[in-house]
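Naming follows writing order (A, B, C and D), and every chain is counted from residue 1.
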Amino acid sequence: MGIEVGIATIRALVVILMVLSLAGVLGWIERKGSALIQDRIGANRASIFGVAAAGLVNTLMADPLKFLTKEDILPVRADRLLHTLAPCVNLFPVIVAFAAIPFGDAITIGERTIQLQAIPLNVGMLYVLAMLSLGVYGVVLGGWASNDRLSLLGGIRGSAQMISYEIGMGLSIVAIVMTFGTLDLQEMVRLQGHLIHGWLPAWGILYQPLAFLIFLCTGIAESKRVPFDLPEGESELVSGYFTEYSGIKYLMFFMTDFAEVAVVAGLVTTLFFGGWQIPYLLSDGFHFPGGAALLLPRLLVVLLQVAAFMVKVLLFCWLQILLRWTLPRLRYDQLMRFGWRGLLPLALANMLATATVVLAVGGPT
Amino acid sequence: MTLVPIQLYLILGAVLFTIGAVGVLVRRNVIVIFMSIELMLNAVNLVFVAFARQWQSMEGQVTVFFVMTVAAAEAAVGLAIIIAAFRNRETVNADELNFLRW
Amino acid sequence: MILLGLGLLVMLMMLSLAGVVAVGGIALASINLGHVVFALLASLMILSALGVIVNRSPIRSALSLVVTLFLLAVMFVSLDAHLVAMLQIIVYAGAIMVLFLFVIMLLNLHEDRPAMVRVGVRGFAGLVGTLFFLGAVHFLMRPLGALPAAGAVPPGFGTIEQLAEQLFTRSLLAFEVTSILLLVAIVGAVVLAKRKLA
Amino acid sequence: MHAAATPVQFLWLIPALPALGVLLNIFVGPRAGRGAVNFVSPAVVGVSFALACYTFMRLLDLPHGAALVQDVYPWITAGTLDVHVAFHIDALSGVMISIVTGVGFLIHVYSTGYMHEDAGYARYFAYLNLFMFSMLLLVMADSLPLMFVGWEGVGVCSYLLIGFWYDKEANASAGKKAFVVNRVGDAGFILGIFLIFWTLGPGTHSLRFTEIAAYASKIPPHTVTVITLLLFVGATGKSAQLPLYVWLPDAMAGPTPVSALIHAATMVTAGVYMIARLNFLYILSPTSMTVVATIGALTALFAATIGLMQNDIKKVLAYSTISQLGYMFLGVGVGAFSSGIFHLMTHAFFKGLLFLGSGSVIHGMSGEQDMQKMGGLRSYMPITCWTFFAGTLAIAGFPPFAGFFSKDAILGAAYGSEHGSVWLWVLGLLAAGLTSFYMFRLLFLTFFGECRIDEHAKHHLHESPASMTMPLIVLAILSLIGGWIGLPEHWLWGDRFGEFLAPIFSGAYASEHLSAGTESVLMGASVVAAAIGFGVAYLFYLVQPGLPMLLAWKAKGAYNLIFNKYYVDELYDLLFVRSTLALSTFFWRAVDSEVIDGLVNGTARVVNANGGLWRRLQTGNVQHYAISMLLGAVVILGYYALR
């Protein structure tokens, strides 16, 4: 009993730390990346004994410290409780959402097998959706509690946008769920370990390219990033729903932003890019189509797989950051039209098509 | 981990239901009244799920599923009505919204 | 105010634990994690439910309702209704309550004074409520036997497969009708929200 | 009917095709235009005719007395009643569908010519197809309820088609008359069905003919009599027998092809078919048989006498139809079911022919129907004339034409059967003579003698188009040779028709009872009668056109009596219509507007007062309602808690 609880706690901690650190790293990637793209040097001020570590010091130490030490301003006639609650409500679901995403195969220590996944759920997919759907509250509250029309507008925009795009996201996920015939993310990843015709890794994207695109768009819209960043579009509403925030709360909103990026990346990886799977890497080592094999110790395999997962996630984070500097921001009506008239019907059609195919030939399982 | 006897779930349901009912009765804001109704619905859901667990049959959960659907529909229409009413009367107070008066 | 809340919480926990002991006929010694968790959840739920009806500001009421629903979902999980729990969060917390918040913001409702009806009515309502509660409890107290232990449930109980199986065989008609109901609701909502009431 | 039944899958198509035609004509017809309608409507019937022929062939291949069946779907399942929509094609219904679809097809073709100026052609063909559908349902049905559906269906179609030119008051009321009179009959019919169901007693019943047949012997004789008589009431209504014949003459208001199809060839024979179909019941009740036979014979004579004096070409044919139907009933009534059906078939041929011929005449005369204003049309419309002549010979019963054999078979049976009697025979013989007379009168007045047509009509007098003459020719040939499949016994190949139908009519009259000698005597008698009729007609209307006037002046009373159709219509008007009207006026004025309205308004007032009282509860405040609900809950809880 005790040990179980202990292991559970450890897994949870691992996940939380992973998300938070990812968020931090993303902060750094974002800034350096932007700088790279815009041909600047970027975050390079802070340094310890002259060691700037390519801005890592700046982004991972100086900025947090600064935020922590800043004054926490509360607008007049703002709702204190909600104003404080909002950032937490915003950050919490994102982090817990990550809990259902498996970052590695089950490892066996002694007679006890441990899933590399905070909470192994048979409804994992739904769980993630649920958590993401909770994300709205942070936005709404932030917008409302600040008692400021810009914030309120941002909040309303944000909530409308999120609930609108949740539908498309859900439907695209339904399609992929149909394909794999399970809601358990770990199970999905395992299925993606198979090979089509003995050589092609059976990753989700091969079955559901359209769903992948839809999911990516909706995911980015959910995390309110460019080109869907109207809720915080600085050119119109200073900072949208967190205009009136400062200090640690502001930092939390920021973290949320990056955590969401990470979650989206994680989900894309898990659903469409084989999660922690490495092509041809089975539990006891590589088995190439040719018949050539390279046996490895179990632990190494697991480590490789975890590493693979991290790499994939980072890649997709990078993709989203690239997008930020590639695409222009939509107009709000365009955003809504894209969501309702573009993605939703597409997702529906895709779902129906998948359903028919699955009915006709059966899924890949 | 062992569970508590079902009565406690039922009583909890009763408590929530009563709170909801009283809310319906005492609040003036129609939206809040509406929320109280949702609260009552959920109290009942709790009871259903508890019984499903008790008799180990899925009917209870299925019923909950349907209750949720109905609740969703109800919320959509109800809120639409509230908005429409607000447009006419500039108020959402139950005691001022008496279109159906004799 | 926070303190008040905490005080109430502790009180309620004691109360519900007492309930566990009294109703469940469980020796004080054998109270375990499960009971405590239940007590905690229950008290929190009751608190937040009260929050729904006492808060002056609609927004806060809505939020306390969200909390209640969330806790309810957790309780569902403890009752092996995983799918229902998830649906609870997605549908209620994720959709319905957002809709509420949205409308509240749209109508830009701030605290309405007086939030409640006249004191007399209030008292009467409270009285009736209490009576109702007592009546209900009177019937709930008849022995129904304890819930089967966590291990006792058949494998896969509460999973999506079982629910779907139930849904698409026994209650298929109801299911289809529900879809129509939703469609009607959508249309109705749109029509209502579009034009002014005559 | 107890023979082996072979299930097949295509039967449903036969009625379905006309039904399809109905839909097309209703929904696309008016827009699709005349050409499409003129093609589609006959086409569907033609195809179902082909199918009917195919069915018939299949039937011939099967062992003698077998049947083709198809159970389409369970129709009514309530309590002990389990009726299926199922089709049963045995020899009898096989013959019927062949006749119905065949004649029907010809008449559809004819109609394309006849109706080609009419605006409502789509409507017309919709009705016509609908009629085909119902008629096929009627004859193919394997259970009484389904048959009843067809029975009512054809009734509706006949109503619709009689009143087809509803803008004329007379036509509309004629349609109404037909409908109402038929109601009287159908009431009896459905009562009969109920009685049968009721008699069948416990256990579920499909009311299939087979089932009834199996049970028939167990029904107490009096009940059988009642049942059969009730059903016969229906038959008198549908088949225009005494006393319910009055609607048929007026039914001539409809388009002539309709008169040919519905009011001569097919629908009006439904009664005969029904009795033949239920022969196993009728055979059990001598009383009913006698009633049927007597009514039939009387009708035959009665209608024939009226037919003598009519001047409207179609009216004459109408009365002759009634009298021929009388023959059929006489046939089935004396137990010669196959002869009855045989006459039904031949009659379908020559009466269809005669009607179509008269239609062609009316067409050519641009709407003129009074024979006084015709004459000498022979030279103007030869084909019509000679085909009409063939029809006349056939109906008058000159050997070797169709009418002769069938009519003779019936007369023979009337004489020889144990149900028959000399009197029936005499009546039939008289009717035969009269028939021959008035038919030749019709022929001479119309086509021969000097021309009494006014110039204007004569101006565009013309032979009808091929689409109309073709059917005439076909039917003419049929009425000439159609009778040869049912020769008397000991003639060349004998009564093939009878043998074919024999297994269905177990226990029916067979002409072996008669010695060859008697038979030939009877035959001679009927030929003589026909000849006399011809002779008199020739004398009156070609040699001495003055004679009829003289005669009429001499026997004034009789003349007026007959000329006014025995004042039957007036009598009915007095007895039923007036009294009914008076009664309904009373009910309307006194009962309805005073009592019932008073009750209604009173109730309203009470409710109103109450409402005024209780509406005070309706505060419009949700919470008041909510609290009352909760109070109610508390009360209920309390009641059960403290009980």
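Here, a residue touches a chain if its C-beta (ideal position, glycine included) is under 8 Å from a C-beta of that chain, and two chains touch if they have at least 3 such contacts.
Computed from a predicted model, the values in this text were never measured in an experiment.
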Q | Central chain (distance from its CA mean to the mean of all protein CA atoms) | A | B
(Q) Just the number, please: Cα centre separation of subunit B and subunit D in whole Å. (A) 67
Q. If you average the CA atoms of subunit C and of subunit D, how far apart do the two points sit, in angstrom?
A. 73
**Q.** Computed distance of Cα centres, subunit C from subunit B, in Å
**A.** 8
Q | Whole-Å gap between the CA centroids of subunit A and subunit C | A | 30
Q: Among the residues of subunit D, pick out those that touch two or more other chains and give their numbers.
A: 623, 627, 630
Q: Please set out, as single numbers or ranges, the residues of subunit C touching at least two other chains.
A: 83, 87, 95, 106, 117, 121, 125, 128-129, 132, 136
Q | All pairs of touching chains, each written as two labels joined by a dash | A | A-C, B-C, B-D, C-D
**Q.** Of subunit C, residues touching subunit A in the complex
**A.** 57, 59-60, 63, 66, 70, 82-83, 86-87, 89-90, 93-95, 98, 101-102, 105-106, 159-160
Q.
Considering only the defined contacts, which subunit A positions touch subunit C in the complex?
A. 79, 81-82, 85, 121-123, 126-127, 129-131, 133-134, 136-137, 140-141, 143-144, 152, 155-156, 159-160, 163, 166, 183
Q.
With touch defined as at the start, can you tell me which subunit B residues reach subunit D in the complex?
A. 21, 24-25, 30, 33, 94-95, 97-102
Q) Which residues of subunit D touch subunit B in their complex? A) 615-616, 618-623, 626-627, 630
Q. Subunit B touches which residues of subunit C in the complex?
A. 16, 19-20, 23-26, 32-35, 37-38, 42, 45-46, 49-50, 52-53, 58, 61-62, 65, 68-69, 72, 75-76, 78-81, 83-84, 87-88, 91-92, 95-96, 99-100, 103-104, 106-107, 109, 112, 114-117, 121-122, 125-126, 128-130, 132-133, 136-137, 140-141, 144-150, 152-154, 157-158, 162-163, 165-167, 170-171, 174, 178, 181-182, 184-186, 188-190, 192-193, 196-197
